[in-house]
Each structure stands twice: as structure tokens, then as C-alpha cells.
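Once you've had a glance at the structure underneath, I'll fire off some questions.
The chains carry the letters A, B, C and D, assigned in the order they are written, with residues numbered from 1 in each.
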Amino acid sequence: MASKTFFAVIAGVGPGTGRSVALKFAKTYPVALLARKPESYADIVAEINQSGGHAIGIPTDTADAASVTSAFDKIRAEYPDKRLAAAVYNVGAGFAVKPFLDLVPSELSAALSNATGLFNFAQATLPGLLESAEAGAAAPHPPTLVITGATASLRGAPRFATFAAGKFAVRALAQSLAREFHPRGVHVAHVIVDGVIDIPRTKGWEANGGAEDGKISADAIADSYWYLHTQHRSSFTQELDLRPYVEKF
Amino acid sequence: MASKTFFAVIAGVGPGTGRSVALKFAKTYPVALLARKPESYADIVAEINQSGGHAIGIPTDTADAASVTSAFDKIRAEYPDKRLAAAVYNVGAGFAVKPFLDLVPSELSAALSNATGLFNFAQATLPGLLESAEAGAAAPHPPTLVITGATASLRGAPRFATFAAGKFAVRALAQSLAREFHPRGVHVAHVIVDGVIDIPRTKGWEANGGAEDGKISADAIADSYWYLHTQHRSSFTQELDLRPYVEKF
Amino acid sequence: MASKTFFAVIAGVGPGTGRSVALKFAKTYPVALLARKPESYADIVAEINQSGGHAIGIPTDTADAASVTSAFDKIRAEYPDKRLAAAVYNVGAGFAVKPFLDLVPSELSAALSNATGLFNFAQATLPGLLESAEAGAAAPHPPTLVITGATASLRGAPRFATFAAGKFAVRALAQSLAREFHPRGVHVAHVIVDGVIDIPRTKGWEANGGAEDGKISADAIADSYWYLHTQHRSSFTQELDLRPYVEKF
Amino acid sequence: MASKTFFAVIAGVGPGTGRSVALKFAKTYPVALLARKPESYADIVAEINQSGGHAIGIPTDTADAASVTSAFDKIRAEYPDKRLAAAVYNVGAGFAVKPFLDLVPSELSAALSNATGLFNFAQATLPGLLESAEAGAAAPHPPTLVITGATASLRGAPRFATFAAGKFAVRALAQSLAREFHPRGVHVAHVIVDGVIDIPRTKGWEANGGAEDGKISADAIADSYWYLHTQHRSSFTQELDLRPYVEKF
């Protein structure tokens, strides 16, 4: 089966969206899961391996180019004969919600490092994705890079200045990469997640007045990422928004 | 099976996208197909009915409110006990590609009637979609209105002034409807089709230098419309772009 | 003086923005003022003529091509030797603020006729603006078409579906005209007026919690229109937003 | 005269736009000019002082918070009794035009530092601008922060990935600051400069086929910045595009 000779890599794996995306892609591909701390992916790696899939986890700081290089050396050692089918960048941005004059420069740096992380991750994955594109029909789907965005990718807001700066920069990279690599057969999609995601960390948060399904299902996000991966190359989606039916926008 | 008690309606059915969308939705629902001329849908109705699905065709000018009312009277007579699961507005816009000073007022009217058609179609379908939303879990998927847009939905261009006017107006309606009806459980999605669609009428057209898959597959568009219909209500997509990997944008 | 051999035409003149724009442009040019009803411009024509300027008023329905043709015949008869320096389209759109299912087709038509009006006005003024552009340095400023937009030009909203449809369509025309006529030397600018304008009709409206300067000064709008007209052709602005400092956006 | 008790500060002063902006604002205010190297502003400081204005220059690296703090200490020492009327951020971004896989991380950092520079400059100037806003009618115009953007502020492009990342991030900050500080009376405007500017460095560049006025006049940019500064607080412009009449967009 084609999928045995391909793998996927997911950066920014934790108990929320990353977990759902990992489980979704692991149904078809072996998956390499990256997070800064092993405790973020350890359970998920175990869950996938116990249920008949194949997963590895590698502690990686995507904002650090050397850490990314080292992670991909390990991935290549683990999967010497596999090609890269899909890469997902789901790394969270530094998130300091404050009046502008209360922010400090390190909070801007933390937010901008979300773009640095994508830069490093894209440099590490695009060569493999291009190789898979050149392999053509052998790949089960067009090789894909999916990137997680947010409301703040499109809109600066009071108290969200630094977060928006990081997310706008990520979107700029995503758009530039799509325009450069689509013609070479690699699908680059940016997803605007506009709402609170229903994950352990947001359990207590009230979103949309507590309406049923008022927070975004992480599994539903994973479904959309997988759908993007399966799109025919004659009809790539570059940007997608996802929001609860009750969300104001 | 839930799908037996639901149906879909598709306006703007012809040998291209409309046909692919009709065949796709007919796998799950009985479908009512609308087009100005019966010859636009006759073969497709036959094809669906012969292959075990159920389809009816009704000659309808969506730009004419009375014609739309009459069509939905016929649909209700045909499906007295079924609820509306999905409505697709795929009607083509008047398309006069000329320098602005060569255009005549009737060419603007023809283009704007694309918005009038959506207005009439939305007024005819939203009450049924709302009923299905209130029926809640009985519906197989959140009730959905999908609307076909184009490059010109986002961008005015020389020689495309009237076409863009119509398509911008359609997008305004789509966005307004999403903001009004999402909270009531009806999914309204607008799809920017950015490229030449690979249909009989465009056979001879050269798109993207004649590259393989350089025109958008109508079946791939239908897949995306269906995917939108199946999205969980916690993560609706309001707008999606679709373009060939080789398309400049 | 160059300005004696040029004139300006302003459509949509009434006691608010139109009046301020008329007075502003009348400081430099003779002005032809158009409105459906003479009572909309009569006082302004008198005010300009009494204070040493020159103005004429012509009852015109911009949504009716024949009415526009007739108005420009009168203008040419009045100003046989003058060239057109600037044209301002400030016509109000049909404005029915209701839930979508309460709207009737004529309310959509009324809204879309805002685009029809611009179409007719642009067809009547662009030939003269092009002539002035070809006259080159003789014109005091690059010939200009300024178009009034609104919040709804960029954003569909519940209860504003038809209004947004008209305003999106106007923006599509504005953008298409800019892309076609900028290279020929005619400046086409679209202004997003985002807020309540401080005019007689809105006297009683509370905007922005009644804050001082919480409504847009019509004279300030006129200043911006004039500024756009004076821009050097190496740096045309195509789109501008104008909103009160206290407006949420 | 009010203007004697106010001053302006301009960051990113060199022989192009910065010079034109400095000369323009110096007609009304004493100006503090910042650039990394004194040779960038020395001639301009002299020119202003010799022609009856008042200017000082301070070597400053806006991307370095300590350098900015030190510069504003000097400014306060120089102008102990003056209030800040206007601040202009015109600092150039790191500009590496290459295929994505040829870029190195330091080229991304250089581009992102354009946002860091704005962050530092805004933190240093907003307290003074707020003070001037509170002073109300004493200020000749609403206190203003003008920020230079580019085509790449709105659009990622192949070979421009890092430049776009920096410029998107700057726009995110500008928009967030506008939404936070407009209601407090400080005008924050972002200017999309879409085209080649006609400055010494671009003398040999062919833009728009060498058309007359095919490059943007730096003086025309300065006129627009000044116009933005003079806007009434009931009608602030948050974003403006500027491009040559012959520019494709």
C-alpha cells in the first residue's frame, strides 16, 4: 500500500488539536510528532502505537533551527525509505493579552517566534514534500503543508498586538510558500481557526454564552486538515476559515 | 435511513460543475435540479434515476421571483414529506468581457441578476433549511447553502467590471446570510472558484499553458461542496478558495 | 486661470456630504450638481452662486441611463468650452434594514441600483475625464472620479444583506475602473465611510455613545475627497477609510 | 504659535521618503530625525536648520529597545517643554529576495526586526502622543503615528517570503494600535506604498516600463503623510494605498 512508503510529520502536538490531527493522519501514515516537551506527545505516541498505527515523538523547539535540523536527522534515521506525504505546523504562538504599553519586547519576540518556527519547519519539510511531488502518482495525495492560523491572522486587535504580529507573519509565509510551491506540486494551506477550541485547557472557558458546540471540536479541525490533504491538485484550497456556528464574526 | 427523508436542491445545473454537484449529492439525497432550460438537466436527471438515485428537473429562472416560487411549489408537491438538507446556488453570471466604455446597461443588469437569483433562491430555501436545523439530530448533516463564487468575487479587473459587480454582490449576500443564519444552525458557504473549470464548454481553452490538471476538475469542486456540507456545526467554513496548483494568484 | 476652463460634477447632492463636497470643489471649479429632486440642491446652488462661485443643478436619476444622458447634454450646453476635472459619485443606496426573510425583491433592486447609478455616471464622465487626462499639464490636477462607499462595502452583515450587495457591487466597479483607467491618467478613488455622518438627517441619532466628534464631519469627508483629487499621478490612492476616532472597527 | 510647543519625530530617515517627510513636517514642527547612521540624516538636519527650521539627528537602531530608549532620553533633554505632535515610522525592512529554500534564518530575523522596531518606536512615542491628545485643542492636529507599509504588507509572494513576514507583522501592530489608541485620540495610520519610490537608490531601476511618473515621488508620499496628520478626529483614515497611475495591481 502506498501509505506504507509515506509518512507525515506534525509539529505542535499536545492534548488538543495536535492530538486529533496526529490520530487522524496516523490512520493512513506513520507519524512523527514534534513538541518541545516529551510529555506533550508521549501519551499520543503510545495510543497510536497500541492501536495498530506507528508513531514516534521527538522533542523539538521549532523556533530553534538547530533543534529542527536535529529532529529531521532522527526522522530520516527512523524512516530511511519513506517519503514525506504531509506536514502540519500547529505550533502555538506566544500569547500575551495586555494593553500595548504594558507589553515588553520579549513578549513580541515570543509571538514572532511562531513565524520563525514555521520558517524552520518549512525549510525542513519542503525538500521532502517536493521529492514526493516529483514522485507523482506514487503519492496517495498531493504532498501537503497545513498551517494553523487564528482570528488574529487577519485582524489586529487591542490587547492582541503581539499575538497578531506573529500570526500575520505566519500567514505571510504561508501565502508566499503557496505561491512558490503550488506550481511545483506541493499544496500549502493556511487555516484560520476563529473561535475557542474545545480542548482540556479550555474546559472551564465560557465561549459563545456556553452554547452547545460553541467551541470548535479538535476532531473537526483534524477532519478539515485531512480533507485539505486529499484535495486534487486541480483544486487546491489555500485558505480556509473554521468557526462555531454561534461565533460572531 | 435519514437521507430518505431529506432532499437537496441545486440551481444552475448544466454539463459542468452543476452536473458533478448533482451526481455527488444524489448519492445521499433525492435531488431537485433547476436550470433555465430543460436540456441543461435532462440527461443528468436521467443518469441519476437510471443509476438508482432519484432526481427531478424543473425549468427555473432564478432571477425571476415568480419562477422560483413556482419551482418550489412543484418541489413541495413532489417531496411532501421530505426536509431540505442542502441547497446549492451555482448559477452562472452574465459575462461580458469588454472595455468599460463599450459596455451597455443591459450587460450590467445581466451580471447583477446573479445576485437577484441568489436572493430569490435563498428566500425559497432558507425556511426549509431552518426547519431542518430545528429538527436537529435528525438531519444527517447541518443544513447547508453553498454558493459558487469566482476570482471576480474578490477582485475587480479591467474588462470585467460588470462581472465583478455581480460576483461582489453575491459574496455580500453570502456573507450577510452566514452572519444571520449560522447562529440558527444553517451553514452558508461561499466558494471562490479561481481558475478555468474543466467542462465541455472550456475544452478548447488553454489554461495555465496547457499544464496537466491546469483546469479545475468539476468533480473536485463537487467533492469540496460535499465536504462543506458535512462539516460539524462547531467548525463551519464560510469561505473557501479552489484553484489549480499551477494557477497564478 | 486653469480652473476657469475646467468644471466638476457631483451626483448625489443633498444637505449632507454632497453639500460639503459641492462647496469644497466650488472653491476651485464651476460645479454641476445632480440629485433626483431640485429641492435637494436648490439651496446649495444658490449659496455657491451668491458667494462668487458658479453652480448649476440638474434633476437626475443616476439609476436611469436616459436621465443621465439628458443631464450631461445640459451640462455640455452650459459649459461648451470647459473640460471635466473631477466627478464625485455620492448617491445613497436603497437602505432596508431587516431580517433577510422579511426583505422583498424590490428592496434588493433598490440597493443594486446604487451600482447601476455609478455605471451610468461613470460612462457619462469617463470620456470627459480621459480628454482632460490627455490634455495633460493643462489640468490643475489629475482628473478624478471619487466614489462614496460604506462599512457595508467590505462586510456583509445580518439585516444589511441588500445594502451590502449594492455597496459591494459599487466597490467592484470602482476597483475595475481604477485598474482600467489609472494607466490612462484618470484617478478613481473609493472611500469607505465607516460611521454615522453628522448631517441634518442624523441629528437625533446617538453614535458612539454620544461622544464629541463621534459622527463624521461632512466637511472632513469633503476635505479628503479634495485631497484625493490633488494627489500626484505618481501616488494615487485607490481606497481610503474614514471613521470617527471613537468608532469600533 | 501652537507649533512651537510641539515637535515631530521621524524614524528611518535617509535620502528618500524619510528626507521628504522630514522636510515636510519641519515646515511646522521642530523635528527629531532617527537613523542608524549619522550620515543618513546629517545633510537633512543641516538643510532644515539652514532654511529656518529646527532639526536634530540621533543615531538609533529602532530594532534595539535600549537604543530607542536612549534616543528618546536625548529628545526629551533637547525638547524639555515640547509635546509630541507626530511620529513617523519609515524604517526599511531586511530585504532578501530569494527562493525560499535559499533563505537563511538571519534573513527572516532581519525582516521581522522591522516589526520589533515599530514595537519599540510605538512604545517610546505613544505616551507622548497620548499626552498631546489629552491636551486637546492645544494641539494643532490630532496626534498621529504614521507607519510605512509596502505591497508585501498585504500579499505574500514567491521570493518575498521573509520581507512579507516582516511587513505583515508591522501591519498587525499598526491595526492593533489603531484599534487601541484611536478611542484615546491618537491617530494611527498605515500606508501601503505599492510601487518603486523615486529616490537616489532606485535611479537606475526601470519601473513600469520607464513611464513618466512611473515611480512614486517621495514628496508625494510626504504630502499624504502630512494630510493624514491633519485629518479631523471625526474622520481618521487607518489605511491608505499609494501607487503610480501606471502600476499594475
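Simple rule for what comes next: a contact is a pair of C-beta atoms (placed from the backbone, for glycine too) under 8 Å apart; a residue touches a chain by one contact, two chains touch by 3 or more.
Note that this is a predicted model, so its numbers are computed, not measured.
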item: Contact-graph distance - origin chain A, target chain D; value: 1
item: Partner chains shared by chain A and chain B (touch criterion as defined above); value: none
item: Numbering shared by both copies at the chain D-chain C contact, with half separating same from different; value: same
item: Centre-to-centre distance between chain D and chain B (centres being mean Cα positions), rounded to whole Å; value: 46
item: Averaged-CA centre spacing for the pair chain D and chain C, given as whole angstrom; value: 31
item: Euclidean distance of C-alpha centroids - chain B vs chain C, Å; value: 35
item: Shared-contact residues (touching 2 or more other chains) in chain A; value: 179
item: Chain contact graph, described as a line, ring, star, complete graph or other shape; value: ring
item: Interchain contacts, given as pairs of chains that touch; value: A-B, A-D, B-C, C-D
item: Partner chain A, residues of chain D touching it in the complex; value: 65, 99-101, 103, 105, 108-109, 112, 115-116, 119-120, 122-123, 126-127, 152, 155-162, 164-181
item: Touching residues on chain D, where the partner in the complex is chain C; value: 142, 179, 182-183, 185, 187, 195, 198, 213-217, 219-221, 223-224, 227, 231-249
